[in-house]
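Labels for the chains are A, B and C, by order of writing; each one numbers its residues from 1.
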């Protein structure tokens, strides 16, 4: 019962946010219902969802991918290119993105899953790097290369465009996060979900039971990637353009940081991490420019002016003192989820025995 | 023909830098099971320490001498930094591999950000001895001299590391530890000292790569460590994790493929080809070229 | 006072509670054999004593509590270990394998080469290219290089041809004159020849401890505890 009531209550609460004129000084720059704050919150929600899609892959199935950014970037770039460069309408653009978002992980996943452990991580990294390079090369001027590609707003329906309509985008992001949450819950508790968890624990035993792990692993990979692509589309609407930053390995590492901060293996842990990281990344940047920090002696001011420095340091501290992430607060000890990831890295390719 | 020569030697020069980074990564992973995402930070620290020393050592008039001294400073800083990282951040997390990897991720991000905060994101010029910028003609091609420095350095390092591994007691411990760490401790040997040593060696080699990249590009910049690191990872995996010889071979292949593809196919395709090469190697032979796999 | 004292040893491997309160003593001098059916936890016991497996309980070496010590420190107290799978370093030569075991000088190469002359001949050969029996010689030689007061030997005759089994038994006989050995062994013939005391494990606990002759004379009991006739 509690498992249904709490999420629903949270959902309702979050949905009401644009209607509140609540002011939280220091936490946000303006009242909670202001477009600026809603934009930030919406971004947090998008990354809550995307972080969860990443966790779905390794927290639940034990597949550690270093190339998740590729699928997120697919959502961002395919939709953008379709609307801005080819002048397609929203509907067909979304359809194309969905198609690519299903086909790409299907093909690349089928290839990558021929290996396991570190090799799998490296192959996924390789494919993502290839994507990143491709985007940077700006073929036919489609992707805008290093400068990115601004979105053509005329292709979007009215209710998505304009500062006053930020709340609509907020609700869209909330809807996305909710959908990912529900799918993740279902995935874990359904029969494919049980097989995934079994594969994660002991792939050999699953085979002995007569099940072939490969289709299940591929299914998890495609599902997780497709949801990430969807997140990319929402991100595109929110930001209003595509930048090559989202194709980089650093971006995937950022997702990893989000999942670790929140704690892997619980649905809400990764989401919390996504929210927290996105929030800190933005607010720390603003903090650096604020008067209080500018008055500090330069030996303190300089490091604090880079949000990534603070985040990186916090992350290190977190790993030392709270490796289970926030979800493990109060539980202590080294969570099984981390041991799973470790085993995922040490797996030998198929046919050589499983860790 | 002369283009081919230029491309080949440039490819070898790049490969030399990849090898320097990859050698440390390979040893660290082979012995400790740690994927060191902070390795790029060692490179950056070494590169910037060199550049910084150069700006401060204005007392030394001769550019080559100033560069040499600064480079030595950079190497020392890189090695010490790496050793400290191992002692403070990695050692306390003994046997908790995933936490160790995560810590290196955080450290990599934090260090690059810090360097950027202090000295900005733009590239800074490094004063290199003028003969490095001159060219020597080989088989009709004009080769910038810095390529030879890189190749020579990499060869020296390769020979040096192999000699260290084969002739010294710590080298013996490391070779055994890469195979079976638990059994090494069961012989009464404290492997943790070997860990610090391996990190220091890795840091030294990465810093060296940083210095050489300063010569190659003529500048230092915060993002370079990370961008070179990705190629180094690819080299390590293609060559086989834990194998120095494998890394050397793979570095040569990667450097050459990158140059040839960039020129004969189209610019940017070189990087893509390297990535595809990794994919192909892993799918055909998941153990990498040397057959070594953790 | 016994040389080795194991008290209430608990070891968990994953979810499995492999050792559930193992307690026994090893008296100084001679061979104590650790017996039991397959998979009962004999190897785990040896590994736990050395700290190669996470353990709870108390382990004392000549009165000193070594439970919290890391493996290399326990070994340096004068222990030698011959693992079940030999665990020689395949990429290293025979010489290098032996050299690695050197501690603070006083390496007894004479003794090792006297017992295993082949090791001197094959010094430069890569350990990975040796036969099983030869690798066993390296593994044992390694443990003998130092004047260890306690040797933990895990199934040294496993997979060896009968002539080699005899050779190993001969070595053990010689060793028991000068040092103490805790021997895990399935081959009862060898146990009968060299062991002074036996400790039997079953279901994670010690179910029998006595002089070897006493147990081995009782055929019915041997069959019940060890599953062999």
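A few notes on this one:
Keep this in mind: contacts are C-beta pairs under 8 Å (C-beta built on N, C-alpha and C of every residue); 3 or more make two chains touch, one makes a residue touch a chain.
Values in this document were obtained by computation on a predicted structure and should not be read as measured data.
Centrality by Cα centroid goes to chain B. Ranked by distance of CA centroids from chain A, the top chain is C. Our note on geometry: chain A versus chain C, Cα centroid distance of 52 Å, whole angstroms. If each chain is reduced to the centroid of its CA atoms, chain A and chain B end up 31 Å from each other.
Inter-chain spacing, taken between the CA centroids of chain B and chain C, is 43 Å.
For chain B in complex with chain C, the residues that touch the partner chain are 172-173, 175-176, 179-180, 182-191. Across the complex, chain B meets chain A through its residues 33, 35, 37, 89, 92-93, 96-99, 101-103, 105-114, 116-118, 226, 230, 233-234, 237, 241, 267-268, 271-272, 275-276, 278-279, 282-283, 286, 293-294. If you check the complex, the residues on chain A that touch chain B are 111, 114-115, 118-119, 122-123, 125-127, 129-130, 133-134, 136-137, 249-250, 253, 256-257, 260, 302-303, 305-309, 311-316, 319-320, 323, 334, 338-339, 341-342, 345-346, 348-349.
Residue ranges on chain C touching chain B, taken from their complex, read 50, 52, 70-72, 75-76, 81, 83, 87, 89-92, 96, 99-101, 103, 142.
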